[in-house]
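My structure is below; once you've seen it, I'll send some questions.
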(Lines give C-alpha, C1' and ligand atoms only; values in the text may rest on other atoms or scores of the structure.)
Protein backbone atom coordinates (compact mmCIF):
# COMPACT_ATOMS: atom_id res chain seq x y z
CA UNK A 1 0.00 0.00 0.00
CA UNK A 2 1.19 3.44 -0.93
CA UNK A 3 0.01 6.61 0.77
CA UNK A 4 0.68 9.87 -1.02
CA UNK A 5 -0.27 13.50 -0.81
CA UNK A 6 -0.71 15.73 -3.82
CA UNK A 7 -1.14 19.46 -4.19
CA UNK A 8 -1.84 21.09 -7.55
CA UNK A 9 -1.21 24.80 -8.10
CA UNK A 10 -2.16 26.67 -11.30
CA UNK A 11 0.17 29.55 -12.20
CA UNK A 12 -1.12 32.67 -13.93
CA UNK A 13 -4.76 32.58 -12.83
CA UNK A 14 -5.32 36.32 -12.30
CA UNK A 15 -6.87 35.71 -8.87
CA UNK A 16 -5.53 34.07 -5.69
CA UNK A 17 -8.53 31.70 -5.50
CA UNK A 18 -7.72 28.27 -6.84
CA UNK A 19 -10.37 26.03 -5.27
CA UNK A 20 -12.10 25.51 -8.63
CA UNK A 21 -8.91 23.93 -9.96
CA UNK A 22 -8.53 21.71 -6.92
CA UNK A 23 -12.16 20.62 -7.38
CA UNK A 24 -11.46 19.86 -11.03
CA UNK A 25 -8.43 17.74 -10.07
CA UNK A 26 -10.48 15.76 -7.56
CA UNK A 27 -13.28 15.32 -10.09
CA UNK A 28 -10.68 13.83 -12.45
CA UNK A 29 -10.27 11.00 -9.93
CA UNK A 30 -13.97 10.20 -10.04
CA UNK A 31 -13.76 7.19 -12.31
CA UNK A 32 -10.64 5.69 -10.76
CA UNK A 33 -11.80 2.75 -8.61
CA UNK A 34 -8.35 1.74 -7.33
CA UNK A 35 -7.70 4.96 -5.41
CA UNK A 36 -9.12 6.16 -2.12
CA UNK A 37 -8.80 9.90 -1.60
CA UNK A 38 -9.25 12.30 1.30
CA UNK A 39 -9.22 16.08 1.12
CA UNK A 40 -7.13 18.01 3.68
CA UNK A 41 -6.57 21.74 4.15
CA UNK A 42 -3.29 21.49 2.21
CA UNK A 43 -3.88 18.86 -0.45
CA UNK A 44 -5.40 15.49 -1.21
CA UNK A 45 -4.29 12.21 0.33
CA UNK A 46 -4.27 9.26 -2.06
CA UNK A 47 -4.20 5.59 -1.04
CA UNK A 48 -3.70 2.72 -3.45
CA UNK A 49 -0.85 0.84 -5.04
CA UNK A 50 2.04 2.79 -6.54
CA UNK A 51 0.85 2.51 -10.15
CA UNK A 52 -2.64 3.70 -9.20
CA UNK A 53 -1.20 6.63 -7.25
CA UNK A 54 1.00 7.72 -10.16
CA UNK A 55 -1.93 7.43 -12.57
CA UNK A 56 -3.99 9.62 -10.20
CA UNK A 57 -1.16 12.15 -10.05
CA UNK A 58 -1.03 12.29 -13.85
CA UNK A 59 -4.77 12.82 -14.17
CA UNK A 60 -5.00 15.43 -11.42
CA UNK A 61 -2.03 17.40 -12.77
CA UNK A 62 -3.35 17.37 -16.35
CA UNK A 63 -6.89 18.33 -15.31
CA UNK A 64 -5.72 21.73 -14.09
CA UNK A 65 -4.54 22.90 -17.52
CA UNK A 66 -7.06 24.78 -19.62
CA UNK A 67 -7.47 27.82 -21.82
CA UNK A 68 -6.48 30.15 -19.06
CA UNK A 69 -4.00 27.91 -17.25
CA UNK A 70 -0.80 27.20 -19.14
CA UNK A 71 1.42 26.27 -16.20
CA UNK A 72 0.84 23.91 -13.28
CA UNK A 73 3.10 23.11 -10.34
CA UNK A 74 2.24 19.81 -8.65
CA UNK A 75 3.85 18.60 -5.44
CA UNK A 76 3.66 14.94 -4.45
CA UNK A 77 4.98 13.11 -1.43
CA UNK A 78 4.85 9.31 -1.61
CA UNK A 79 5.22 7.12 1.48
CA UNK A 80 5.36 3.41 0.69
CA UNK A 81 5.92 0.71 3.25
CA UNK A 82 6.38 -2.94 2.33
CA UNK A 83 6.94 -4.59 5.72
CA UNK A 84 3.26 -4.33 6.64
CA UNK A 85 -0.06 -2.82 5.56
CA UNK A 86 -0.61 0.66 6.97
CA UNK A 87 -3.35 3.05 5.90
CA UNK A 88 -3.40 6.81 6.45
CA UNK A 89 -5.87 6.17 9.30
CA UNK A 90 -3.50 3.59 10.85
CA UNK A 91 -0.63 6.08 10.72
CA UNK A 92 -2.67 8.74 12.51
CA UNK A 93 -3.86 6.22 15.09
CA UNK A 94 -0.29 5.17 15.77
CA UNK A 95 0.81 8.76 16.41
CA UNK A 96 -2.23 9.42 18.63
CA UNK A 97 -1.44 6.39 20.80
CA UNK A 98 2.11 7.62 21.35
CA UNK A 99 0.80 11.07 22.25
CA UNK A 100 -1.69 9.70 24.77
CA UNK B 1 -3.16 33.88 8.30
CA UNK B 2 -0.69 31.29 7.16
CA UNK B 3 -1.55 27.64 6.63
CA UNK B 4 1.34 25.20 6.38
CA UNK B 5 1.96 21.51 6.35
CA UNK B 6 5.00 19.87 7.88
CA UNK B 7 6.38 16.35 7.70
CA UNK B 8 9.41 15.27 9.74
CA UNK B 9 11.40 12.17 8.80
CA UNK B 10 14.24 10.76 10.90
CA UNK B 11 17.01 9.06 8.89
CA UNK B 12 18.91 6.08 10.26
CA UNK B 13 16.34 4.71 12.70
CA UNK B 14 16.91 0.97 12.19
CA UNK B 15 13.16 0.34 11.76
CA UNK B 16 10.58 1.70 9.31
CA UNK B 17 8.28 2.84 12.15
CA UNK B 18 8.59 6.53 12.85
CA UNK B 19 5.35 7.40 14.63
CA UNK B 20 7.17 7.93 17.94
CA UNK B 21 9.19 10.72 16.30
CA UNK B 22 6.09 12.31 14.82
CA UNK B 23 4.47 12.18 18.26
CA UNK B 24 7.55 13.83 19.76
CA UNK B 25 7.40 16.61 17.16
CA UNK B 26 3.74 17.26 17.91
CA UNK B 27 4.42 17.21 21.65
CA UNK B 28 7.04 19.90 21.03
CA UNK B 29 4.19 22.18 19.93
CA UNK B 30 2.33 21.69 23.18
CA UNK B 31 3.27 24.96 24.78
CA UNK B 32 2.88 27.10 21.69
CA UNK B 33 -0.39 29.01 22.08
CA UNK B 34 -0.24 30.86 18.75
CA UNK B 35 -0.46 27.74 16.59
CA UNK B 36 -3.41 25.52 15.79
CA UNK B 37 -2.42 22.08 14.52
CA UNK B 38 -4.23 19.16 12.90
CA UNK B 39 -2.78 15.71 12.24
CA UNK B 40 -3.30 14.14 8.79
CA UNK B 41 -2.17 10.82 7.36
CA UNK B 42 0.80 12.52 5.71
CA UNK B 43 1.85 15.27 8.10
CA UNK B 44 0.67 18.00 10.41
CA UNK B 45 -1.21 21.10 9.32
CA UNK B 46 -0.23 24.29 11.15
CA UNK B 47 -2.28 27.50 11.27
CA UNK B 48 -1.04 30.77 12.68
CA UNK B 49 0.92 33.78 11.53
CA UNK B 50 4.11 33.24 9.54
CA UNK B 51 6.48 33.80 12.48
CA UNK B 52 4.54 31.33 14.65
CA UNK B 53 4.55 28.75 11.85
CA UNK B 54 8.31 29.04 11.35
CA UNK B 55 8.89 28.78 15.10
CA UNK B 56 6.75 25.62 15.14
CA UNK B 57 8.75 24.21 12.22
CA UNK B 58 12.00 24.86 14.10
CA UNK B 59 10.77 23.16 17.26
CA UNK B 60 9.27 20.16 15.50
CA UNK B 61 12.38 19.61 13.37
CA UNK B 62 14.74 19.88 16.35
CA UNK B 63 12.63 17.61 18.55
CA UNK B 64 13.29 14.63 16.27
CA UNK B 65 17.04 14.61 16.89
CA UNK B 66 18.30 12.42 19.71
CA UNK B 67 20.98 9.91 20.62
CA UNK B 68 19.90 7.58 17.88
CA UNK B 69 18.75 10.13 15.32
CA UNK B 70 21.51 12.24 13.79
CA UNK B 71 19.77 13.28 10.61
CA UNK B 72 16.29 14.70 10.01
CA UNK B 73 14.60 15.63 6.74
CA UNK B 74 11.71 18.05 7.19
CA UNK B 75 9.36 19.08 4.40
CA UNK B 76 7.22 22.20 4.75
CA UNK B 77 4.69 23.76 2.40
CA UNK B 78 3.50 27.24 3.35
CA UNK B 79 0.36 28.79 1.84
CA UNK B 80 -0.17 32.40 2.85
CA UNK B 81 -2.95 34.57 1.55
CA UNK B 82 -3.22 38.28 2.37
CA UNK B 83 -6.33 39.35 0.43
CA UNK B 84 -8.65 37.69 2.94
CA UNK B 85 -8.73 35.38 5.95
CA UNK B 86 -8.96 31.71 5.00
CA UNK B 87 -8.50 28.79 7.38
CA UNK B 88 -7.71 25.18 6.41
CA UNK B 89 -11.38 24.40 7.07
CA UNK B 90 -12.48 27.28 4.80
CA UNK B 91 -10.24 25.98 2.02
CA UNK B 92 -11.74 22.50 2.24
CA UNK B 93 -15.27 23.94 2.34
CA UNK B 94 -14.57 25.97 -0.76
CA UNK B 95 -13.40 22.91 -2.72
CA UNK B 96 -16.36 20.84 -1.48
CA UNK B 97 -18.83 23.48 -2.70
CA UNK B 98 -17.30 23.44 -6.17
CA UNK B 99 -17.46 19.64 -6.21
CA UNK B 100 -21.13 19.58 -5.20
CA UNK C 1 8.26 19.90 -21.58
CA UNK C 2 8.01 19.00 -17.94
CA UNK C 3 10.69 19.80 -15.38
CA UNK C 4 10.55 17.96 -12.10
CA UNK C 5 12.65 17.39 -9.02
CA UNK C 6 12.73 14.16 -7.09
CA UNK C 7 14.21 13.22 -3.75
CA UNK C 8 14.16 9.62 -2.46
CA UNK C 9 14.66 8.87 1.24
CA UNK C 10 14.98 5.33 2.64
CA UNK C 11 13.56 4.92 6.17
CA UNK C 12 15.12 2.48 8.63
CA UNK C 13 18.66 2.34 7.26
CA UNK C 14 20.54 2.19 10.58
CA UNK C 15 22.93 4.97 9.46
CA UNK C 16 22.34 8.56 8.37
CA UNK C 17 24.26 8.05 5.11
CA UNK C 18 21.94 7.48 2.18
CA UNK C 19 24.09 8.35 -0.85
CA UNK C 20 24.25 4.71 -1.94
CA UNK C 21 20.45 4.71 -2.28
CA UNK C 22 20.45 7.95 -4.23
CA UNK C 23 23.10 6.46 -6.53
CA UNK C 24 20.95 3.37 -7.00
CA UNK C 25 17.95 5.52 -7.92
CA UNK C 26 19.97 7.43 -10.49
CA UNK C 27 21.39 4.19 -11.88
CA UNK C 28 17.80 3.02 -12.35
CA UNK C 29 17.40 5.87 -14.87
CA UNK C 30 20.32 4.64 -16.92
CA UNK C 31 18.36 2.97 -19.68
CA UNK C 32 15.68 5.63 -19.98
CA UNK C 33 16.47 7.63 -23.12
CA UNK C 34 13.57 10.07 -22.86
CA UNK C 35 14.73 11.69 -19.63
CA UNK C 36 17.53 14.15 -19.01
CA UNK C 37 18.67 14.26 -15.39
CA UNK C 38 20.86 16.55 -13.31
CA UNK C 39 22.03 15.93 -9.76
CA UNK C 40 21.73 18.78 -7.22
CA UNK C 41 22.64 18.96 -3.54
CA UNK C 42 19.01 18.25 -2.61
CA UNK C 43 17.71 15.89 -5.28
CA UNK C 44 17.67 15.08 -8.96
CA UNK C 45 16.16 17.29 -11.64
CA UNK C 46 14.33 15.42 -14.41
CA UNK C 47 13.42 16.85 -17.80
CA UNK C 48 11.18 15.11 -20.32
CA UNK C 49 7.51 14.79 -21.07
CA UNK C 50 5.09 14.10 -18.22
CA UNK C 51 4.75 10.37 -18.90
CA UNK C 52 8.54 9.95 -19.01
CA UNK C 53 8.94 11.91 -15.77
CA UNK C 54 6.35 9.77 -13.96
CA UNK C 55 7.98 6.58 -15.27
CA UNK C 56 11.33 7.84 -13.94
CA UNK C 57 9.74 8.61 -10.58
CA UNK C 58 8.35 5.08 -10.39
CA UNK C 59 11.69 3.49 -11.22
CA UNK C 60 13.71 5.67 -8.86
CA UNK C 61 11.29 5.15 -5.98
CA UNK C 62 11.17 1.36 -6.45
CA UNK C 63 14.95 1.03 -6.81
CA UNK C 64 15.48 2.16 -3.21
CA UNK C 65 13.63 -0.81 -1.70
CA UNK C 66 15.70 -3.83 -0.82
CA UNK C 67 16.31 -6.43 1.89
CA UNK C 68 17.18 -3.76 4.39
CA UNK C 69 14.90 -0.98 3.18
CA UNK C 70 11.18 -1.61 3.64
CA UNK C 71 9.98 1.98 3.53
CA UNK C 72 10.74 4.81 1.12
CA UNK C 73 9.54 8.41 1.17
CA UNK C 74 9.79 10.11 -2.22
CA UNK C 75 9.11 13.80 -2.79
CA UNK C 76 8.42 15.11 -6.29
CA UNK C 77 7.72 18.61 -7.54
CA UNK C 78 6.52 18.85 -11.14
CA UNK C 79 6.55 22.13 -13.07
CA UNK C 80 4.94 21.90 -16.48
CA UNK C 81 4.43 24.81 -18.81
CA UNK C 82 2.52 24.56 -22.06
CA UNK C 83 2.67 28.11 -23.43
CA UNK C 84 6.31 27.73 -24.49
CA UNK C 85 9.32 25.45 -24.23
CA UNK C 86 11.45 26.14 -21.17
CA UNK C 87 14.27 23.94 -19.89
CA UNK C 88 15.74 23.98 -16.40
CA UNK C 89 18.69 25.89 -17.86
CA UNK C 90 16.33 28.45 -19.45
CA UNK C 91 14.58 28.97 -16.12
CA UNK C 92 17.88 29.64 -14.34
CA UNK C 93 18.99 31.98 -17.13
CA UNK C 94 15.76 33.93 -16.85
CA UNK C 95 16.20 34.45 -13.10
CA UNK C 96 19.88 35.43 -13.56
CA UNK C 97 18.94 38.09 -16.13
CA UNK C 98 16.42 39.63 -13.73
CA UNK C 99 19.04 39.63 -10.97
CA UNK C 100 21.67 41.32 -13.13
CA UNK D 1 25.13 22.48 9.01
CA UNK D 2 21.70 22.53 7.46
CA UNK D 3 21.06 22.21 3.74
CA UNK D 4 17.65 23.24 2.48
CA UNK D 5 15.87 23.87 -0.77
CA UNK D 6 13.20 26.49 -1.22
CA UNK D 7 10.78 27.22 -4.02
CA UNK D 8 8.48 30.26 -3.98
CA UNK D 9 5.39 30.41 -6.18
CA UNK D 10 3.17 33.50 -6.50
CA UNK D 11 -0.52 32.73 -7.11
CA UNK D 12 -2.70 35.00 -9.24
CA UNK D 13 -0.02 36.61 -11.43
CA UNK D 14 -1.95 36.74 -14.71
CA UNK D 15 0.97 35.20 -16.63
CA UNK D 16 2.83 31.89 -16.25
CA UNK D 17 6.21 33.65 -16.01
CA UNK D 18 7.41 33.96 -12.44
CA UNK D 19 11.17 34.46 -12.78
CA UNK D 20 10.90 38.09 -11.65
CA UNK D 21 9.49 36.88 -8.31
CA UNK D 22 12.20 34.27 -7.91
CA UNK D 23 14.78 36.98 -8.61
CA UNK D 24 13.17 39.20 -5.99
CA UNK D 25 13.31 36.38 -3.44
CA UNK D 26 17.00 35.79 -4.12
CA UNK D 27 17.69 39.52 -3.94
CA UNK D 28 16.06 39.48 -0.49
CA UNK D 29 18.92 37.22 0.63
CA UNK D 30 21.52 39.71 -0.48
CA UNK D 31 22.33 41.13 2.91
CA UNK D 32 22.30 37.85 4.78
CA UNK D 33 25.94 36.88 5.42
CA UNK D 34 25.25 33.59 7.20
CA UNK D 35 23.65 31.88 4.20
CA UNK D 36 25.22 30.42 1.09
CA UNK D 37 22.77 29.99 -1.78
CA UNK D 38 22.80 28.24 -5.14
CA UNK D 39 20.18 28.51 -7.85
CA UNK D 40 18.91 25.31 -9.51
CA UNK D 41 16.32 24.74 -12.22
CA UNK D 42 13.69 23.97 -9.58
CA UNK D 43 14.51 26.22 -6.63
CA UNK D 44 17.28 27.68 -4.49
CA UNK D 45 19.57 25.64 -2.25
CA UNK D 46 20.39 27.28 1.07
CA UNK D 47 23.30 26.32 3.35
CA UNK D 48 23.77 27.64 6.86
CA UNK D 49 22.65 26.84 10.36
CA UNK D 50 18.98 26.12 10.98
CA UNK D 51 18.13 29.58 12.34
CA UNK D 52 19.77 31.26 9.34
CA UNK D 53 17.92 28.97 6.93
CA UNK D 54 14.55 29.72 8.53
CA UNK D 55 15.28 33.44 8.49
CA UNK D 56 16.13 33.17 4.77
CA UNK D 57 12.87 31.26 4.17
CA UNK D 58 10.90 34.01 5.91
CA UNK D 59 12.55 36.77 3.88
CA UNK D 60 12.24 35.00 0.54
CA UNK D 61 8.60 34.10 1.14
CA UNK D 62 7.65 37.65 2.20
CA UNK D 63 9.54 39.28 -0.67
CA UNK D 64 7.17 37.73 -3.23
CA UNK D 65 4.08 39.55 -1.92
CA UNK D 66 3.26 42.87 -3.53
CA UNK D 67 0.42 44.93 -4.95
CA UNK D 68 -0.39 42.28 -7.50
CA UNK D 69 0.57 39.19 -5.50
CA UNK D 70 -1.70 38.43 -2.55
CA UNK D 71 -0.95 34.73 -2.20
CA UNK D 72 2.36 32.85 -2.09
CA UNK D 73 2.99 29.12 -1.81
CA UNK D 74 6.48 28.30 -0.56
CA UNK D 75 7.90 24.78 -0.43
CA UNK D 76 10.93 24.02 1.74
CA UNK D 77 12.82 20.78 2.30
CA UNK D 78 15.36 20.85 5.15
CA UNK D 79 18.08 18.22 5.50
CA UNK D 80 20.09 18.54 8.69
CA UNK D 81 22.80 16.14 9.75
CA UNK D 82 24.55 16.37 13.11
CA UNK D 83 26.94 13.41 13.02
CA UNK D 84 29.30 15.18 10.64
CA UNK D 85 29.67 18.25 8.44
CA UNK D 86 28.34 17.73 4.94
CA UNK D 87 27.79 20.48 2.37
CA UNK D 88 25.58 20.26 -0.72
CA UNK D 89 28.77 19.77 -2.75
CA UNK D 90 29.88 16.93 -0.43
CA UNK D 91 26.52 15.22 -0.86
CA UNK D 92 26.75 15.36 -4.64
CA UNK D 93 30.36 14.13 -4.55
CA UNK D 94 29.34 11.19 -2.41
CA UNK D 95 26.61 10.13 -4.86
CA UNK D 96 28.97 10.56 -7.83
CA UNK D 97 31.56 8.28 -6.22
CA UNK D 98 28.97 5.54 -5.72
CA UNK D 99 27.85 5.91 -9.33
CA UNK D 100 31.40 5.65 -10.69
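In order of appearance the chains are A, B, C and D, and numbering begins at 1 in each one.
Here is the rule we use: a contact is a pair of C-beta atoms (placed from the backbone, for glycine too) under 8 Å apart; a residue touches a chain by one contact, two chains touch by 3 or more.
These figures come from a predicted structure and were not determined experimentally.
Participant: Among the chains, which one keeps its Cα centre farthest from the Cα centre of subunit A?
Facilitator: Using the mean of the C-alpha atoms as each chain's centre, the farthest one from subunit A is D.
Participant: Rounded to the nearest whole Å, what is the centre-to-centre distance of subunit A and subunit C, using the mean of the C-alpha atoms as each centre?
Facilitator: So the centroids are 19 Å from each other.
Participant: What's the distance between the Cα centroids of subunit C and subunit D, rounded to whole Å?
Facilitator: So the centre of subunit C lies 17 Å away from the centre of subunit D.
Participant: Any chance you could list the residues of subunit A touching two or more other chains?
Facilitator: 16-17, 70-71, 73, 75, 77, 79, 81, 83
Participant: Name the graph shape formed by the protein chains and their touching pairs; answer line, ring, star, complete or other.
Facilitator: complete
Participant: Which part of subunit A faces subunit B closely enough to touch in the complex?
Facilitator: Where subunit A meets subunit B, its residues are 3-5, 7, 16-17, 19-20, 22-24, 26-27, 38-43, 45, 47, 75, 77, 79, 81, 83, 87-89, 91-92, 94-99.
Participant: Within the complex, which stretch of subunit A touches subunit C?
Facilitator: For this pair, the touching residues of subunit A are 50-51, 54, 57-58, 61-62, 65, 70-83.
Participant: Along subunit D, where are the residues that touch subunit A in the complex?
Facilitator: 9-18, 70-71, 73, 75
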